[in-house]
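Structure below; questions to follow.
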Amino acid sequence: MNAARLTLDPNRAFPADPGTREIAVRIYEHVKDLPIISMHGHVEAQAFAENTPFPDPAQLLIVPDHYVFRMLASQGVNLDDLGVPRQDGGAVETDSRAIWKRFCENWKLYRGTPSRFWIEHELVEVFGVDLVPSAETADAIYDQIASVIAEEDFTPQGLLDRFDIEIISTTDPASSDLEFHRQIREQGLGHRVVPTFRPDAALTLTGPTFKAEVEAIGKLSGEDVSTYEGYLAALRHRRRAFIEAGARATDHGHLLPNTQPLPDEEAAALYGRAVAGEEISAEEGAAFEAHMLFQMAKMSTEDGLVMQIHPGVRRDHSTEILETYGKDKGYDIPIGVDYTRGVQPMLDAFGRNPNFHCILFTIDETVYSRELAPIAGTYPAVRLGAPWWFIDSPDGMRRFRELATETAGFYNTSGFVDDTRAFASIPARHDLARRIDAGYLANLVAEGRLTEEEAIETAVDLTSTLPKASYPPIAH
Amino acid sequence: MNAARLTLDPNRAFPADPGTREIAVRIYEHVKDLPIISMHGHVEAQAFAENTPFPDPAQLLIVPDHYVFRMLASQGVNLDDLGVPRQDGGAVETDSRAIWKRFCENWKLYRGTPSRFWIEHELVEVFGVDLVPSAETADAIYDQIASVIAEEDFTPQGLLDRFDIEIISTTDPASSDLEFHRQIREQGLGHRVVPTFRPDAALTLTGPTFKAEVEAIGKLSGEDVSTYEGYLAALRHRRRAFIEAGARATDHGHLLPNTQPLPDEEAAALYGRAVAGEEISAEEGAAFEAHMLFQMAKMSTEDGLVMQIHPGVRRDHSTEILETYGKDKGYDIPIGVDYTRGVQPMLDAFGRNPNFHCILFTIDETVYSRELAPIAGTYPAVRLGAPWWFIDSPDGMRRFRELATETAGFYNTSGFVDDTRAFASIPARHDLARRIDAGYLANLVAEGRLTEEEAIETAVDLTSTLPKASYPPIAH
Amino acid sequence: MNAARLTLDPNRAFPADPGTREIAVRIYEHVKDLPIISMHGHVEAQAFAENTPFPDPAQLLIVPDHYVFRMLASQGVNLDDLGVPRQDGGAVETDSRAIWKRFCENWKLYRGTPSRFWIEHELVEVFGVDLVPSAETADAIYDQIASVIAEEDFTPQGLLDRFDIEIISTTDPASSDLEFHRQIREQGLGHRVVPTFRPDAALTLTGPTFKAEVEAIGKLSGEDVSTYEGYLAALRHRRRAFIEAGARATDHGHLLPNTQPLPDEEAAALYGRAVAGEEISAEEGAAFEAHMLFQMAKMSTEDGLVMQIHPGVRRDHSTEILETYGKDKGYDIPIGVDYTRGVQPMLDAFGRNPNFHCILFTIDETVYSRELAPIAGTYPAVRLGAPWWFIDSPDGMRRFRELATETAGFYNTSGFVDDTRAFASIPARHDLARRIDAGYLANLVAEGRLTEEEAIETAVDLTSTLPKASYPPIAH
């Protein structure tokens, strides 16, 4: 394997059966070059506003990508040695070439994973690398990537063109002053880079930053957040500010998809105790989050922001990792969720309201056929989001289509929605999704369940029409 | 696509791999023309007794079929505009041609769904339609269907012959006087159309019709239902009347598959409070339902009625839909169930009793390999019912075979059991099931796990032998 | 079918697609003859120590194998008639030829099951049978198997060579005096047959043998087990004795994978009440089991025993079977488990400790992609065990690879771990696992997701490298 050539199979991720594959190839031809619609992600607004070049291969591809470093960690590599910053500011590896080599010499760990698929695509298509990663090839690959990174237009803004990204959304806390987005608009990119309103920290009474967050939104909105009414007004105000900055959606990542509203006075009392610094129990905190999800849905019917719900993840499973390296370090583990009963109050109230639109995501695959597809297949307000996080993978995406389509059809889904901090992986992720959808559709054609003409139209809809329709612009 | 020709691929729903497909075709040849055994469904006894012709295409194919109208509703079509009757008797669309056109112009919503598969089969095979539905073709298709509906023998009784239905079962409340079934028997069709005993409303203390239901069974049976003993006697009496009317099975659709019996005095007290009109809590109601499932199992050991359990659906998820249009309008959403602990009391008591037979159904696919197959693979009383409701679909049926067969084998399953209000879809549903089973068996042959001779025998067993054996006639 | 020839398809269990199959065949060539590593099973140490020949075909293949007799029971065959011993010593079938015939005449029940696959392999490869089992062929097959069983080296020790078993582990209670293992070592087989420490009975306060078990470990260890401290010391002592007897692992089969430790004084109080014969509630018992799983993990960090967790089975679902025939008689039914929250306390404490190694098993397949793969894909201490029990089957193993690999990769799995009481089925089980892994890898190659060279290396790792690395020898 020494210095084996790295190439991309043009038929990668298509079905193995030759007849089905031929159909998939023909379908894929119609979508492979369509622009990217990327309405949910974690590239920072600051990166676009300041348009700073990326420092080096490790800082671009390893350090910010928990998919990548968690796999190395799982085999005992220390996060310090991968350059992941410590909360205490303590020393971590700063030699990016050493970090890169640690990754390359463990290349075999990624066999069978989507990270492997994405990185191969990036290496070949984005960076022109033609070597298989290994301890021996690490330096040569590093140099090749570094040379591309050094190109003048290899910047966040430049990549919008390179990657043919029609529109991309950042994710921003409710307390963001949206200054970077203002700068982005000033640079004429307001139609291509938009914010998403993510108020989790302001809705989680038991969270470590709750008080700071509500104070910040109080200040930005000029509302008196010492009262529950002022708090709601401040949230409405921030939503409006986000809409004016181009936002089309909100995003909610609570543990549970529960939406049972509390009586107003009960909610107000809980809120009051929380801002007064009183102890809030876990049950009370969860009840308030459910109440506020309901309020967010209600506000969506008023202002038109599409509501995205990403539940079911037990964050920071390892206390040690949280304390040492902070959040989003690969130790977030999914749990089972009850969507049917969780979203019932919200959908009972707003699910047939033509001004309400929500997109439901899951990592718990058991709810696809049992709960989400039946819900999306009847409530006009609901679309199913794409397979999320760990299941944004070849087989994960196939299972989603297989488990959801028969009950929800294609037209109650959002089309592909990526979700990444790794900017350079965006084209690879969209390409993979297009291949998987083409393969799924090809199989329907091969089984006489769809005509090829319909399959092609559906593939285009999944790639372009549905993502755009799922996140419509809001007049302001 | 304008006026594209509608044809059925003779190899539809078979595996795409050519070698496996050839085997599937050979297996399917042995079962495709076998008579239909349809032991669970929702065609009304009245339809058979009165043998009334069907009014028109929309009233036959759209208005009674929640699979069809829920998909239109999911994209914002109002149920009024589909002619779904309102509870308040308010005006709804009465122009069947307009309803039909709304369906046809939304044809693409059904891509990838079993409804598409069934309807294409019906259009071509039952109605001789050769146009793809669209706004443009809607009228022509309507006329063609209407002309077939107008044929003299296109009546419920006539369809028994057209569709080669050997036997079909209706589903009837415990309070049914079985008068329509008496008329059916008088017309010499008692061997082909039989009732099923569905006592849910009489077992659900918290249900809106509980009191009316027990009063009705009291009257029909001549038992004093003011006491718990009288209530049990009335239920026994009704079961006997159903058996005399040809019934072979009971059917139970409670939320949970729980079967924990209560002490008799506790059950009697709960019952007494309910008939006295006292408030029964949700927990008490659920406990009584579990108790009564146990009692139903016990009665089955006495009278031989096969017990069908269809749990795990949160009915009437949308209060607005329930209030406006009533039950069974597409807003029933499944939940996860715990079968292992739920049915344990019942199976511990009767699961090895040679006089007890039950068939377990699920929409929660997670229990196939984890719970249902291990249960059916050891308790002689238990068979697994076919994939039910949303998962009565090409991929849903494949997953059932793949997830259940390895532990339960084929011979602890019931064979295909359809479940529909849409009479005209019955042959399509059985044809699809036969194709999927043929494909699954073909794959076992292709993988060297079964001989073709065995596969053919098994296919015949799944189509005829097992459905008949699962619902044996009861001497009376 | 009368006296049809029984043959094994050389391509059995490989993918049906011809191109993918060819790749699978090439991969399989590299692993098919590798020695067997069998680090978890239920063949008794006594059998190896005494090396007693097997009595007859029924006693070898039917009576000890609950996979086999549960399927017959599911169709109404009485366990008495299969020779399963009764707890009361009452008469059961002793005519092994009659038992064997009951099995053969029901051969079709096994269609599509892994038992069928294993038994066919055993009949052909181990016993040289070339007849398909049936009532007519039962006697001839019986005679043929009996003649092989009668061969001089067809003994437990002899089978180690015949089957090319490099190493096999028994499963032994904490109270085992390990005398049989001493005899095994004396016979020079200590490197090939090792014990596993299974302390369930000593950790389950509510179990019927708890007191007897702790008394036994007290006696063997010389510790005073009347106190909690003495109890922990006794367990440490027994673990040490097992290590000295060659053990590499512990095994834990509690209902839940919970690991929340109690405050020491609370644990000590519960223990004290239990040894004093006081009533322990189910909740208290479960809390103590969780506490002790945490303690076992802690001891593993001290002594190096790999911790195997096999949760999620509701044992003895049928009280009647338990009372009549005892445990492990086919009436153990899985339930859903919550691994994410269950193992969190243990992994938070030890999951990144380089001295801790655990292997997590499941029968609840819903946790593969949702919980287990994310956990194994980040905690260095964790590997995923192979599909267990009912899902140790062709499609079950495929689903495991498909659902776990994309997030955990291959190198966070243990490789194949069989789990059987049926000695003669061990080669068949390993052969099947190698075939399925070859097919899964071949599909990755066919889809352009892996090179064939990588696939071959991975197949060898799954067969040999990973099972050995997952259960390393402990210096003593």
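Letters are used for the chains, namely A, B and C, taken in the order the chains are written, and counting of residues starts over at 1 for each.
Everything below uses one rule, namely that contacts are C-beta pairs under 8 Å (C-beta built on N, C-alpha and C of every residue); 3 or more make two chains touch, one makes a residue touch a chain.
These numbers were taken from a predicted model, which means no experiment stands behind them.
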item	value
Equivalent-chain rotation between chain C and chain B, CA atoms, steps of 5 degrees	120
Shared interface numbering between chain C and chain A [over half = same, under half = different]	different
Rounded Å distance between chain A and chain C, as computed from the means of their C-alpha atoms	40
Shared interface positions of chain C, touching two or more other chains	15, 17, 336, 366
For the chain A and chain C complex, residues of the former touching the latter	1, 4, 8-9, 11-18, 70-71, 73-76, 108-114, 116-117, 314, 317-321, 330-336, 363-366, 390-391, 393-396
Chain C to chain A touching residues, read off their complex	15, 17, 19-20, 336, 338, 340-341, 344, 347-348, 351-352, 354, 366, 369-371, 373-380, 382, 401-403, 405-412, 443-444, 446-451, 453-454, 457-458
